[in-house]
Each structure stands twice: as C-alpha cells, then as structure tokens.
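Each chain gets a letter, A, B, C, D and E, in the order it is written, and its residues are counted from 1.
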Amino acid sequence: MIKLDDLLHLNLGKRTRLHRMMYEHGPGNGTLIILPIDQGMEHGPVDFFTDHDCMNPEYQYRLAVEGGYSGIALHLGLAEKYAPKFAGKIPIVLKINGKTRIPPADEPVSPMTGSVEDAVRIGADAIGYTLYVGSPNQHTDFTQFRKVKKDAERYGIPIIVWAYPRGSAVEKKGGRNSLFAIDYAARVADELGADVVKLNVPETSAKSRAMQRPPYDKLNLSTEEMVAKVVKSAGKTLVLFSGGGMATDEEVIERARICMEQGATGLIFGRNLWQRDWDDALKMTKTLKDIMLKV
Amino acid sequence: MIKLDDLLHLNLGKRTRLHRMMYEHGPGNGTLIILPIDQGMEHGPVDFFTDHDCMNPEYQYRLAVEGGYSGIALHLGLAEKYAPKFAGKIPIVLKINGKTRIPPADEPVSPMTGSVEDAVRIGADAIGYTLYVGSPNQHTDFTQFRKVKKDAERYGIPIIVWAYPRGSAVEKKGGRNSLFAIDYAARVADELGADVVKLNVPETSAKSRAMQRPPYDKLNLSTEEMVAKVVKSAGKTLVLFSGGGMATDEEVIERARICMEQGATGLIFGRNLWQRDWDDALKMTKTLKDIMLKV
Amino acid sequence: MIKLDDLLHLNLGKRTRLHRMMYEHGPGNGTLIILPIDQGMEHGPVDFFTDHDCMNPEYQYRLAVEGGYSGIALHLGLAEKYAPKFAGKIPIVLKINGKTRIPPADEPVSPMTGSVEDAVRIGADAIGYTLYVGSPNQHTDFTQFRKVKKDAERYGIPIIVWAYPRGSAVEKKGGRNSLFAIDYAARVADELGADVVKLNVPETSAKSRAMQRPPYDKLNLSTEEMVAKVVKSAGKTLVLFSGGGMATDEEVIERARICMEQGATGLIFGRNLWQRDWDDALKMTKTLKDIMLKV
Amino acid sequence: MIKLDDLLHLNLGKRTRLHRMMYEHGPGNGTLIILPIDQGMEHGPVDFFTDHDCMNPEYQYRLAVEGGYSGIALHLGLAEKYAPKFAGKIPIVLKINGKTRIPPADEPVSPMTGSVEDAVRIGADAIGYTLYVGSPNQHTDFTQFRKVKKDAERYGIPIIVWAYPRGSAVEKKGGRNSLFAIDYAARVADELGADVVKLNVPETSAKSRAMQRPPYDKLNLSTEEMVAKVVKSAGKTLVLFSGGGMATDEEVIERARICMEQGATGLIFGRNLWQRDWDDALKMTKTLKDIMLKV
Amino acid sequence: MIKLDDLLHLNLGKRTRLHRMMYEHGPGNGTLIILPIDQGMEHGPVDFFTDHDCMNPEYQYRLAVEGGYSGIALHLGLAEKYAPKFAGKIPIVLKINGKTRIPPADEPVSPMTGSVEDAVRIGADAIGYTLYVGSPNQHTDFTQFRKVKKDAERYGIPIIVWAYPRGSAVEKKGGRNSLFAIDYAARVADELGADVVKLNVPETSAKSRAMQRPPYDKLNLSTEEMVAKVVKSAGKTLVLFSGGGMATDEEVIERARICMEQGATGLIFGRNLWQRDWDDALKMTKTLKDIMLKV
C-alpha cells in the first residue's frame, strides 16, 4: 500500500487534508473508508426502501460519525443541509458532479452540482468527481475535469475520481466491470492527475473476455490478480474500491479483504453499510476497519 | 411541517427573505401560499380566456395583494412592468427561467429569462428555477442551475425549484406525475441545494405503476401516502404543491388539505385562483389560508 | 394607446430615448413610424429590384429624414457606413441580430450582428432584436436575448423585439401569422421584458384555425378583433405592426388604420414605402402619419 | 470606384492602414492587389506541384515584395515565420480564420487561426475573415465574426471579408458562383460591417439560373453586368475579386479588366500569379497593375 | 536540417527552451530525441504487457534520464507524480490534450488535460498538442489550439504539434498514413504556427494512392522521397517522426536513418524503446543517437 509520505508531489493543502482523512479519522494508518450518500441523486430514492429510516441523510451522517469513518461523500445540497450539526466530527468529500439515471446513458457525462470553491467554503477535505471513462462525451467530461483539477491544485483540495467506464462503446468492449475497462480507467485517472481513484472490483466471464481488446481477451485472472493489476495501473494514485449493491456479510468481508491485501488504500462502501439497520451497520463497520488495519 | 428555525444552514439573507414570506406575508406561521403568473410564457394566452380580465397581470397582482399571499411568482418582464405600483406590498418570486410550449419537449430545458442579480435589483424575496428532472438535456439544466445556485448563495436569495419530471425518458418510466418520478425529483432538489421545492401531487394508475422502476411498480399508495412520501424525500427542502389546471372547489380544497396535513409548507396555486372572478377568487384564497393555518 | 407616462417602470435612459422617437421625431404624440432597411440581410437583394435606386441605403436614409420618420432600423454595417452624413437628423434603431434566408429555417435563431454597446457608441435610440418565438432553438435565442436585455437595462436603451413565431413547430400549429402564434408571441415579449414589440397583423383561415390550439381553433375573429387582442396580450409593451410585402395603396392605408384604431403605438413599414419611387413614397408617408395622428 | 476619402465612417487606424495599402504600396491610386498564400491550409499542398519552388512561402513573399503588391494575405504561422526578413516591405493581411478541405463542407464555418490582437502584434495592416454566407452554420460564423468586428473596430484594423456562399443550401439555389449567391454575399458583407469584401466573379448558366430565386432566375446578364451588380450591392464596402484556379494569360487579363472597369477596387489573385515561374509572375503582375491604373 | 539560428521569429522564451532540448540534452547539435509515455491514455495499458515493468512510469523516466534524451513527453498526472525525483535532469514536454481510444473516433478531437500555465508551473520546456487534421470536428480542435497558441506565445513555451490526420473523411481519401494526408498535416502545422511538428512516416500502397486527391494519386514515391517531401511541406517547423508500434531493430534503425537523412530534426520513439528491456533499450537509444549525430 502506498504511504502518504511516498507522494512527494502533493502540495501542502492536499497533504494536510489527506492526512486528516488517512490518519486522524477512520481506521488510520494511511487507510480510507468513506461512506457515500449520493445514491439518491444517481439512482433515485429506490435505495432507501428499507425497514429503518435510511432516507433521512442524518442516518448516514450519524453512522459516519459514530462508526468513525474517514469521510462522508455527498452532494452540495446534502452537505449544506445536514452537515452543520456534525461540523468537524467527520471529513466531507464533496461530490461536485452527478446526474440522475432517468435519461439514456449511452453518452454519459456528469454535470457539475458543486465546485471546488464550495468545498473550500464548507470545509470539505476532498472533492469527488465522476469521470465516465470511454464515454462518447469524453470531450465534455475531460474539459470539465480540467477546470476542477486546476481549482483543486490552487486550493489544495485532494481529488477523488470516481473512474467509471461507461457508455455504448464500453459495453461493446466487454462491459463496465471488465478488467480491460477498469484497468484503462485506473490509468486514465493516474494520467489526468487524480489523487485518489475509486474503482469497481473487476469481474470476469468468458463472454466479456471475448469482447475485450487483446491481450485482455486471453487474460483469465482471479479476482485477487485483477485487483492487484488495476491497483498497479493506478500508479501513484491511491485506490479505493466500491462495494456495489447489497451483498451478504461474507461477500462484503471477502471483497474488503481482497482489495486491502492487493494494495488498495481503502473502501467506499455505501449501500452495504447504511442499508443495514443501526447495530448491524456499526458491527460491519467495525469488521471492515479491523480488516483494513490487519493488512 | 419543517420550521424555519430548524434550517440552521440558511444564511442570513435567505433567512430574512424566507421569514418575510413565511411569517410577515401570507397565512403566516411558517406557511407559504404563492400566486404564480407565468402561464402566459409557459402555455401562451390560452389560460386567460375567462369572462373576467385575467389577461392583464394587474388582476393577479391585485389578487395577490388583496388576498394576502406570501408572494407572487412571475418573469422579469411582468415584474418590471407591473410591480412598481405594488412595491413592498407583496413579495416577488422572480422566475428566472422559462420556455414556451410550442417546440417539442422531448429533451426540455428552460433557458434563463432573468438572473439572481435581477432579483436583487428589483427587490425580490426569492427566485424560481424550473428544473426538468430526467430530461435528456439534464447536463445543460444542471450546469445552468449551478450558476444560479452560486449566485443565490452569494446574494442570500432563497431558491424555489419547480422540480418537474419531464422528457421522453420520464414518459417511458411511468410519466411525469408518477410517484417514481416525483419522488426522484424531490430528492434531486434536496441534493442539488434547493431551499424550497415545488412538486406536483403524484397520481397513480395501474398502467403507470407497471412502467415504473421497482419497487415503485409494487407500491399502490393513497394520495395522502404519496404526498407524505415525497415530502419526506425532499428532506430539509420546504415543499410546495402545485394546483394544476382548473378544478372544482371541492377538489381544490381537498388537495390543499391533504398536502398541508402531510407536511407540506404550502401551495403554489395559480389557475385555480385567478381563473375565478374577483369575489370567488378572494373567497377561495381565504378558504385555503384557513386550511393552511388549521393544520 | 398606451402613453409613455403610463410606463412608470422605464429608467431614465429608456424614457429619454423613447421620448425622442415618440414625440420629437415622426408623427409625434406618442406614436412611432419606423423605416426598416434590414431586408438585404434577411431576404438578399431581391427586394431592391425596382426602377428607382433603392439598393443604395442612402435612398432609405433620405426617405426617413425627409419623410420625418420616428426612426430608421438597420444593421451595424449600414448604420456605420451611411449614418454619418445624417447624424442627429433621424433616430437609429440598431438591429443587433439577423440572418440570411439561405439555410433551412426549421430551427431558426438570429445570431448577433451588433451589440447594445455598439448602439451606445453610434448614438442609436433603440436596439432591435429578432426573437423567433416557438423555434426549437429557443434555448439559444432566449439565452442570447438575456444578455441583450441585461445590457439594454444597464445602458438605458429601449428594446424593440421583432417577435416572430417561426420554426417547424409553429407551422404545425397554424402557421406564423395565425392568431394563436402571434398572440403567444406578444405575451412572450411582454414577459421577457421587451419595451416595444413588432408583430405581424394576424391572418385567419379555416385551415389554419383547425390546426391551432383550443380555444383558438374556435375563434373566428375579424382583423380588427385580432389586432385588438394581440395588442392587449402585449400588455405594457408598446406594439408596432409590420407592413409585409408590397401591397396596394388601399391595403396599406387600411392596415395602418386598423392597427392604430385598435391600440397600436405605430408601424414598421419598409417595402411598402421604399419600394415606391420618391414622390409616391413621401406621399404615402404623409398619408400614414396623418392616419396615426387622427386616431 | 469608391475613393478612400468617400468613406467618412472609417476611424483613424483603419484609414491609416488602408491608405498604406491603397496608396503607398501596390499600384496606388486607391487600388489594391493582394497576393494570397493561404491555399496550403485551404486546399493542402496540391497547389504547389509546379516546376518552381512555390511550396516555400518565401517564393510568394519575394514575389509580393519585388512585384510591389498592396499586401500579402496569409495565416499566423506563415506570417510569424516568414515575415521577419521582409518586415516593413510589404503590408500583411492576416487571415485569422481558415480550415482544411478534408472533412465534409455541407455546413462550413472557418475556425479562428489567429486574432485581431495577433494582427496588431505582428504589425499587419488588415485582417482577413472568411464568412461562409448561407451556411447552415451561420449562427456560429456570425457570432465569431462579431467578436472580430468588435476587436477590429477597437484596434483600427480594416476587415477584409472573404464572402463565400457555401453549404448545402447554397448549392440547391444555384451554386456558390451564381449571381444570386454572390449578390447576396456582397450585401451581407456590407450590412455586417466589412470594410473590404472579396468576391468571386459570378458565373452564369441556364441550369444554375433555373435554380435561383426570382427574379434572379430571369436575369441573364453578361459578366460585365454581373460584376457591376455585385459591386453595387456591396455598397460602401470596397470590392476585390478573386482569381480562382490557374487560367490562361488572356483569361486572367480579361478578368482583371472587367472587374476594374466595373468598379472593383482591386484583385486578390494567387494561384494565377505564384504558380507561374519567377519571370512570368513578375510580368503578369506588371500587366495587372497597369490595367488597374488605366481604369 | 533547419538550425535553431535560422528561426529568427522565435521569442526569447521559446529559443531558450528549445536550446535546452536541442543542445544541452539529448544527442545535441540541434537534434531532438523525445521519449513519449502517453500511450496509457491513448491506448490503455495494453502497451505495457511486457516482461519488464514498463507499466510503472518510473521505467520511462529512468530511461529518459539515463539514456540522455532531449525530453520526455507525458500528461500532467504523470508529470506531477513522477517528475519530482528527476527534476532538472530531463526536459519535460507536457502533453496538454489527449483522449482514450474507447469511444468511436470518426470525428475525433483531443480534449485538454493540462494547460500552458501548467507547463510553466512544473518547469516544462515544451508543450505537446495533438491536432487531428481533417477531423469533422476541426472547428473545435482549431479553436482549442488557438487558445494554446496564444498562451504559448505569451509564456515563451515551444509548441510541438502531434499532427495526426484522422477521422472518417481522412480514411476515405487514402488513410491516415497516406502521403496526401501527412503532407497536408505538415503544412497545416506550419500555417497554424507550430514550432515543432510530429508526423508519422508516410506509407504507400496502390490502394491508398487510388483514393488520394490528384496529383497524389499519381505519385509513387519511395519512403525517402515521401519523408523529404513532408519535411519540406512543414517549412520552418522542425519535424520529428514517430516510431509507431514495436518493430525489429533493423526497421527501427532504418526508419531513424531515413528520417534524419531527409531533413528531420529528430524522433519521438516510444514503444520501440521502452518496450525493450533495460539493457536493450539503452543500447538502442545509443544507436539512434549515433545515427542522429552522424547525419
């Protein structure tokens, strides 16, 4: 796992803010576990149909604070409205772009919902930017990211890139979770200047492999090997893995273990945590944090 | 119903202006009843074919003042031309974007017709922004809203978002008035940073439900339950419900009662008020204000 | 007819310039007769195929000055090149957007050919903006108009909006000269903040009515009634009517009479004046001015 | 032929620079002969396949200087790289937009390759702007031109508009060299505020006429008459005619004679000059200059 | 080969930085050999599937430093992250635009990934800009380049243009590596104001020639002749040739020899160097440098 001290290029603001998240909050020791609550924007309220009240963002806020996360990731509206009473207790990762899933997503790009200046204004410790790697709309996306990158450099705010392969062309080349696509996304994040990159754990199948570009079409790797590969492709960009939809306890734990063992800096697990009821969520949080420190 | 005092995040300008509308005008006690007169832009003069002269915006202005509304919502041209003689007597909600209904609306977005600076210049107490949630043009819409949001924050002007699910993709997923669509719109408004959101009262039918995303396709709720749900999805965003086209007295009253009982902050009813002749309009205004205070 | 003194909202610059055109030039008494010479841009030189030399803009300039018009309307190039020798003798209405008619006009929008600052620089008394109401390109058009409106407000220059229903959607709903379309255009100009609006005289036919939105499909009005209706829809926006292509003396006079009797502030007649030879043009000018003062 | 002294509207910078080109360089006496070397951009190196070395822009530079031209027209790269050793010896017309001919040209617009500020910085005496009159992309083109016009006015740099009818709509209405198209282009240049316009000599054929708008479809004019007509349509804009592809000595001379006799201010002939070898090019230059002074 | 001293037009900043690369680093004597490591962005990690660890950009950095290159070319992310420990040891060519190869490339344009200001900030000695000559998107590309060119002029940073013929129209006219296309690209770079241009070595085939524009369709040149021709077409723009995909030692050496003998200033060879293992890569580097100095 990369150490913050290895990243000589970070300016003082970025280093200070990353230190806060990697050592002063969360499991510590250079790891990151971030609780995202941006699914209401991305998916609609469908993810909140649980027996407990996870529709109210205070649930996630309380969980992030009491569970001792490294940060909570959310859009400007939720940050402004729900953060005040938790000010200083939990680092904020301000998601500054996003979209609904209603219109077609053949050529996706996430419009801005906030800005680096907003992040400074509300005291956030990082910004989150969703980059749809491979989208036919990449010109708009890269151009938009450029502005974010410039501002983030100026203000010393670390950039976490949600590097998501998406769009019609990705689907034709093995799909959004293929090793080809995620490996490419990891490298793009590194080359564009992400400080941290959020990736999905690659999945593999004979059908997908057959669609991927050579030499990926001949690579039949285990999940461990795939995770290790994309971590390496991300170079000096810290890697976080996402949790995806709700899974069993065993699956969640196994996923976390693999990712951490193969060099990830941490996790961004959302639904697998806050879709649990309070006690269960806190318990799973503790389990994950233990795994993160054990590796 | 949310109290203004619960909204700790509002800056001084927003708080002052909302206080003026929620306590010093209208029914008071934290409620809002706003009279919109932007239908000439959105629908053309078709809504003004009544026996009394509602084509002349002075009719609506007089009604708003004499009826004691919390505010009147209209575009810049009408505000500049008709407000001077009513200055200070009725808060203005400046609609700052809008469109005609003539061209196709498969990928709608409402271009700017005013600005936050205009609102400051004319002494408005809020701005109104129409967001077509789910439109294939959401990139343009969100980007445009970002600028509005930034300016509104800077000038301390509350933002009322007309959160309207619209566009070809919405129609395929149950329609603009489906619970799925309005529930999503409520959450988007909350996440994007609306201060107040205007929603339609959701409607339900077997046909629409069958088209909605799970688990909405299995939800068969009463109007009361649907209203309660979307109010909850709007979180810390104050909710106003719209009145739609002309209805019977009973329907209008029933709609107002349900909305207020289920947690709404107020109403934006237009045609159902100013399409009535003078005495009838004043009487219905009083009836609605009474309902709002009774809840 | 609206009096300038009724328009309390106009700022000092606008009021001064309108006063110059409405009382110090032209027929006076609050009327406006403006000579447009922008047809070379909009139609090409086809309108100049007459026996006398109306291709040379000096013809129109001389006519405007000697005929005693309220103003001459033209694009920046013609203003800069031909105005110097007539400086101060005739108010200039600077057309600041326009287009050729060569490419398809299904989704029209008129790009800028000048600016409000140009109008200030050359001493113009108003600017002219062509708004294609109902065009599928209305987002571009409204956005462009916003900038013009903002600048005009700042510099105190009155805005005359050429409010033309145009584009594929308009044609499907009764056509550009239908009452539905022109009535809508009048209201849009009022809501967007035009100071003066130029409209075509509505035309009616059973075929067009059948295509118009209810209740327009049932309205079978006389020209007088249609003119009165759109003047009313324009609210506090002064209305000028256009002359259209070359017509007989009787038609021109009749059109002017009807428009003025039904509340118009004036006329923008071009081809029907400068396509006449010198003496005839001056004579018709006098006839029209007499009609305008008689009403 | 229009005299510079007739153009009262030109500001001091424009007048000074035009004077330099019209009286101090070239044939003088108010004429202009400009050598263009922008064909490498517009056509690719195909025009340079001659026995002598016309690929090296120094050939054209030497020809312009030794032949005593009024100016040399070229893009920024060529100006910066080849002008230094000829500084002060030949006025530069900086072409500030251009394009390759590789992609389809159904909706052409020439992107910027330089700016008015570049023209000031390198000491150019005019800028050249290519306007594709009638292109479906005219909104982009006009908007881009607006910025150029504004800057040129501010810096006192004359604008030479290459007014080229182009695009699918032009081809359907008689073609790019039809009288209809060029006549329209001349007028558009005048209305948009060109100081000088470069036009092609109109061509005529029964087939093209049949496609042109009335009354052009009935006009069967000689070349002399067509040239005279478009010069008149250009109004107070000085007219230069282009030479087109390589022609015989007789054709080149005849073309020059007709243009000058019918009121043109000058010529922009490129390939017909620099595709000739050195002695021939100088000789033809002298012949053309003699014709220009004789008229 | 062009000498730096022949390029009188270069400003002091450009001259200083080019001198550093052409005389103080690399083979010297006015040559340039640049190691590019932007393939991860352009192709994905597929180029890094070798036995040695060329996925880690430190490999290329070490090779560039120890091999004594004139510069290393890469995007901002890699520059920021990997350059610090090599600061001052190797000139940086900051690639400031780029794209992934995932979406369709019929109308390519490379969005910005950095800026000229970034180049100044990180101490780069040149910027690299990819221009897709002939792309249907050339308006966006040229416009974007204009901004880069303006900034580069202001800051005195040399511009290396990767002039790549691309897009559907290029493919129809003989293909991206045809003499027609590359010759055109060389000229466009010269006219737009590139300081250095990177070109592919043209390839020829009967099939491609048949598709090219006259007179290219009749030109059957040797590689030497084609290289000489495009170098000449680039005029006063220094020419670098690219290496393309992995080739045999003989092919690489032959390519380098031909290019240098026909007037190129240098080479940008990437995969043919860093896909070799360490000793082999250093050896080939030395071989190439010897060839460059011999010519």
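Keep in mind that, in the parts below, a residue touches a chain if its C-beta (ideal position, glycine included) is under 8 Å from a C-beta of that chain, and two chains touch if they have at least 3 such contacts.
All values derive from a computational prediction rather than experimental measurement.
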item: Chains touching both chain A and chain C; value: B
item: Interface composition of copies chain D and chain E: same or different, split at half; value: different
item: Averaged-CA centre spacing for the pair chain E and chain A, given as whole angstrom; value: 35
item: Between chain D and chain B, distance of the C-alpha-averaged centres to the nearest whole Å; value: 57
item: Residues of chain C whose C-beta touches two or more other chains; value: 140
item: Overall pattern in which the protein chains touch one another (line/ring/star/complete/other); value: ring
item: Residues of chain B defined as touching chain C within the complex; value: 38, 40-41, 44-46, 49, 55-57, 74-78, 80-85, 98-100, 102-104, 109, 111-115, 118, 140
item: Residue numbers on chain D that touch chain C, as the complex places them; value: 7-9, 133-136, 138-143, 146, 149-150, 165, 167, 169-170, 173, 180-181, 183-184, 186-194, 213-216, 232-233, 235-237
